[in-house]
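The structures considered in this document are given below.
Both of the next two complexes hold chain A, though its partner changes from chain B to chain C.
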Partner chain A sequence: LESLVEYFRAQMRKDPDMASAVAAIRTLLEFLKRDKGETILGLRESLTSATDCLTGVDSSVAVSSGGELFLRFISLTSLEHQDLSRCKKVMEERGELFLEKISMSRAKVAKLCHTFIKDGAKILTHSYSRVVLRVLEKAAAEKKRFSVYVTESQPDAAGRQMAEALRKLNVPVTVVLDAAVGYVLEKVDLVIVGAEGVVESGGIINKIGTYQMAVCSKAHNKPFYVVAESFKFVRLYPLNQQDVPDKFKYKADTLKTVQNLSEEHPMIDYTPPSLITLLFTDLGVLTPSAVSDELIKLYL
Partner chain B sequence: LVVENEATMPGSDKETDLTERIEAFLSDLKRGGSGTGPLRGSAETARETTALLRRITAQARWSSAGDLMEIIRKEGRRMTAAQPSETTVGNMIRRVLKIIREEYARSRGSSEETDQQESLHKLLTSGGLSEENFRQHFAALKANVIEAINELLTELEGTTDNIAMQALEHIHSNEVIMTIGRSRTVEAFLKDAARKRKFHVIVAECAPFCQGHEMATSLSKAGIETTVITDAAIFAVMSRVNKVIIGTQTVLANGGLRAVNGTHTLALAAKHHSTPLIVCAPMFKLSPQFPNEEDTFHKFVSPHEVLPFTEGEILSKVNVHCPVFDYVPPELITLFISNIGGHAPSYIYRLMSELYHPEDHEL
Partner chain C sequence: MTKEEKQRLRKEKKQQKKNKEKKDDNASQESEKEKKSVSSSSSAPQPPTQPATQKGGSSCCSLKNVHDMVQKVTLILIFPVVKRLPEHIQVDNPDVLKKLAKKLERQQIPLRLDYGYKVSLFSHLHQYSRKAPLTQQLSIPSSVIHPAIVRLGLQYSQGIVAGSNARSVALLHAFKQVIRDYTTPPNEELSRDLVNKLKPYISFLNQCRPLSASMGNAIKYIKKEISNIPSQCKEEEAKGKLLNCIECYINEKIILAAKAIAKYAIEKISDGDVILVYGCSSLVNHILCEAFEKNRKFRVIVVDSRPRLEGREALRRLVQRGISCTYVLISAVSYILPEVSKVFLGAHALLANGYVMSRVGTSQIALVAKAFNVPVLVCCETYKFCERVQTDSFVSNELDDPDDLIVTRKGKTQLEDWQQVPLLGLLNLVYDVTPPDFVDLVITDLGMIPCTSVPVVLRVKNVDL
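This part shows the complex of A and B:
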């Protein structure tokens, strides 16, 4: 199992642009290839323990959703073929195909979203999101002129990384304090954020500070857009911030070492669907009510 | 229905006849776009477009579904370019393209579910990156497609009646209903309710074309007590109104509307007073566009309705605009009534996925 963790870490290092869910699915596919089990039930159990192991390394929602998706993929495939060895071959083929398709999902999202960025727009975004970066790259490539405000996004100041990447694209960017979101919103035309996970209600789980930004943009009547790939859809239905499981809120090392979690700062928050205008995914442009439909189609 | 006798028309004549009809339709579209009153209602446009598409299917030369779809897409692009604000043309083209896809899938024997939209489920279970290229030839495809288009035409003929039939559920006695401008759908809706109920209608005149006046005349001829008010009086009168019932030009993919100018004001006043806003819109007005295209969303017509050319002195110093449409966001709408029943604005995405295929969103 340690070799698995090593493989996962190597994947993340090799391509820092890859989503963590994709790295998790790649790792699980590798695990599937190496697995020597005889039964499908045994396979499922070992995959579940492998996923738990991976979430012990990277506790983000995306890894968990990637793992669940892979498990679902196994169940669906095993229903079609009873014989284990043939089933495994089919799984490996389809797994590779699946990975190919989802590696194109960011491009699809960018294609859908960049038309919503008008010439002269001022965009506000939160922290560092590779999908948002891709969308802004596409818009810049289409010769749109826009400027970006990025929140610093403490405690890891990921917003500065985003600003650096945007400066390389020659996009005028300003880093603002997390506390300055309300202050800057009157100047802004639209808000685009990424998501670590999209929940069943159509809400999102993202870096702490996203909920604040959503409430402020609702108050200012600015459109709040979310860009996320479809493998981030997760079977959670939180009703408020407390409902989000602790295992997602804190980093994996914190969960293992700290005794009293109430003294730690959570890394993510939940934004309810009523504050979101539209979600851009590789399955199309969805209103928040359409998300649960997609999840039902998969899991039922 | 006129059945064309193909034996009497030799091939090249058929094609020139077809091209002539398409050109006539296109010039009609280009001309009929002035805002001074629809020279043709949306229902007629939808019917004519569908009839033309049926003719193209019957008379154009094609051997596989892929060819037919290419021809229809090409003509469709020209038609939508002729009059971008007339979205029913594009909607009908997308409906017919979906019909062709379904008939093709049926001829191939595959179940219809496999040909549907992208979904997570499809991503996980599909066996290969095979692209459906519609190249197989089926003899019965032409007849099947034409039959399905005929069904679509029958559906189109019945839309206004289907909507009007639902009127009695929504309008009760002694209610005060407000509407704006002139919508044939709302007119039929109110007239149908008036046969059994007694209620009062307030019509906002909808300047500068003042179509509200024609609406009021027509409603009072049917025996409905009608009052005409100016657009500025909408907020003042709203506190006495029980329901607001409006028509629209287009229903957008997020559940918002593109309706006559003044509708957003009406919707905001209704929201402020918590008055339900009901939109009567047949299914052919549902369009897969989002309200992000600033350049194609609005249509401006001659400003002489707002400020006549006789006021020459002012004209040189002032900019005058006369927009035709308004955007109404989905949060302000309570209910959509269409020929297939009543829906909430958040359900529009589902209706869209049933009517159109995502690859046809861009023609």
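This part shows the complex of A and C:
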């Protein structure tokens, strides 16, 4: 299991542009190939424990949801073949297929979303999201002229990273304080954010500050768009902020070392579906109520 | 095929020709449910032996074992049917009443008369008095209606058996008794004759108290099971199979579903919660008792309302288990809501557009909870999901006995002469409808779904069926 964690970290280092969930799924696939188990049930159990181990390293929602979806995707075949090694082969093939599909998902999302960015638009986004970056890249490639406001997104100032990346694309970008979201909203035309996880109600879990932005954009009647790949769909149903499990709210290291969690700042918050206009996923453009439909199809 | 059925079918043809002339748009695919709930005999299965002469070339006629669906589709193709409203919400239409009276006469069931002045907004609904149960107009022992059904009807109309789960389970048990006592008459098939025997029982129960959505679904299931009995099956075997089916239905859809729902609901109850419940829902009480067994620390606020005061029953059950409870009337709900962390509501039925039909007062609580940003959770088994669509509480509802609203305080009964006062109406509604924007989460035996996903579940279920 130690080697697994190493492999995961190596994957993350190798390609910083890759989503952490994709790295996790690659790791799980590698684990499947190396596994010397004798029974399907044992295999499934060891895969589950591997996923738990990985969430111990990187506690984001996407890693656990990606792991669960991977498990579901490959285990749909396990009843057909008698021979274990043939079964494993089929599982590995399906795993590769799954990985290929999800590597394409960001491109699909970008293709769907860039049409919603009109010429001359002013966009507000939050923190550093690779999917949003991809969307804006595609829009810039389509020769659209737009400008972007990015929130600084403390405590890790990830917004500055986003601003750097956007400057490289020659997009005019302004970094604003997290507290200035209400101030700047009257100037913008639309808000686009990424998501770490999409929950069953159609709401999203994302970097802290997203909920504030959603509430303000609702008050200003500006459309609030979310871009997310389909492997981020997770079987949670939070009713309010405190209903989100603690294991997602804080970084993995914080969970292990700190005694009193109430003194720590949560890293994520929950945005309810009533504040979201549309979600762009590789399954299509969905309204928040359609997310549950897709989840039922994926999981049931 | 009896003379009556032939006559009925001929009348059917005439009426549909009339409807065709009146309305422009004819083809309607969803008339199945409506047709079923109207005089259920009008959607009778095709006549088995008299073919083309009756129906003018209907293709499916002579086959006995054709599936219900095919029969109805051909009926629709030959007679493009306009969607008909069920009879129990058209009480102010004299033609409908006449048809109902004729149908009941044919089935030898007495017609129950409406009582008292009805408020004009609800004059399209029945209003019965509890002091005049239908059984007084029956001869006991009745030759047409099985005694178990008579007893059930009385229990419904007097309110002895109340609550959607209780009514469905009682109905299924009564039907089990009917099946046990049933013998196939000579020259008849069990699968056809038993269904025809059940129709007058259902009309009788409908007269005692309008059927609930859960009862409707249970009856549909039973009728389907009965008509699927193969003709070669021996009577004892067939009866055994049917009894088994009913047992399975009760077990799966009600008892096991309650366990599954409790499992999901307990995840949503955390220590230190203050939970608000309204009225007496068997499912919500079950969930709270289970959560208490699992050592969750919470307290409950029971909200109650006149005239039924069902909250007292819920209070009694919860306090017996040792759960700490507070009791308020519905007028105090906005006073108590700042203390509440979650609201758990039961449902009578979940409609296809996501609206929740439940005891009157539920939508009021959901509205106030929304205003205070308190999450509202509705718990409902999937057998209560129905294909109906409703956006307000007026179209289809139930009017209870208006005399229930009369109360004696300090020796004075103010409203006892309400019938003498012209234009005074007492309104005792039973159900109301809550829009899905007020409901945050619906817990069903399939899992936790948002209120707008009810049609998805209905679609998935229909595929399974």
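Going forward, the second predicted complex is superposed on the first by the 295 of 300 C-alpha atoms of A that agree within 3 Å, B and C clash if a C-alpha of one lies under 4 Å from a C-alpha of the other, contacts with A are read in each partner's own complex, and residues count from 1 in each chain.
Rule of thumb we're sticking to: a contact is a pair of C-beta atoms (placed from the backbone, for glycine too) under 8 Å apart; a residue touches a chain by one contact, two chains touch by 3 or more.
Predicted model only: the values in this text are computed from it and were never measured.
A.B. asks: After superposition on the shared chain, which partner residues are touched by A:169: those of chain B (first), chain C (second), both, or neither?
C.D. replies: neither
A.B. asks: What is the contact status of A:98 with respect to chain B (first) and chain C (second): first, second, both, or neither?
C.D. replies: first
A.B. asks: Between chain B (first) and chain C (second), which does A:252 come into contact with in this model arrangement: first, second, both, or neither?
C.D. replies: Neither chain B nor chain C is touched by A:252.
A.B. asks: Check whether A:278 is in contact with chain B, with chain C, with both or with neither, and answer first, second, both or neither.
C.D. replies: Touch partner of A:278: chain B, not chain C.
A.B. asks: If we overlay the two complexes on their shared chain A, which of chain B and chain C does A:230 touch? Say first, second, both or neither.
C.D. replies: first
A.B. asks: Of the two partners chain B and chain C, which one touches more residues belonging to chain A?
C.D. replies: Looking at chain A, the partner in contact with more of its residues is B.
A.B. asks: Which partner chains sit in contact with A:239 here, chain B, chain C, both or neither? Use first/second/both/neither.
C.D. replies: Touch status of A:239: second partner only.
A.B. asks: Between chain B (first) and chain C (second), which, if any, makes contact with A:200: first, second, both or neither?
C.D. replies: Only chain C is touched by A:200; chain B is not.
A.B. asks: Using the touch definition from the top, say if A:293 reaches chain B (first), chain C (second), both or neither.
C.D. replies: both
A.B. asks: Once the shared chain is lined up, is A:73 touching chain B (first), chain C (second), both, or neither of them?
C.D. replies: A:73 sits against chain B, while chain C stays out of touch.
A.B. asks: Can you list the residues of chain A that touch chain B in one structure and chain C in the other?
C.D. replies: Shared contact residues on chain A: 289, 293.
A.B. asks: Where on chain A is chain C touching in the complex?
C.D. replies: Residues in contact with chain C: 200-202, 237, 239-240, 243, 273-274, 289, 292-293, 296, 300.
A.B. asks: Of all residues in chain C, which touch chain A in the complex?
C.D. replies: Interface residues on chain C, with respect to chain A: 268, 342, 373, 375, 377, 437, 440-441, 446-450, 452-453, 456-457, 460.
A.B. asks: Please name which positions on chain A make contact with chain B in the complex.
C.D. replies: That would be residues 69, 72-73, 76-77, 94, 97-98, 100-102, 115-116, 118, 230-231, 233, 277-278, 282-287, 289-290, 293-295, 297-298 of chain A.
A.B. asks: Of all residues in chain B, which touch chain A in the complex?
C.D. replies: 117-121, 123-129, 253-255, 290, 292-294, 346-350, 358
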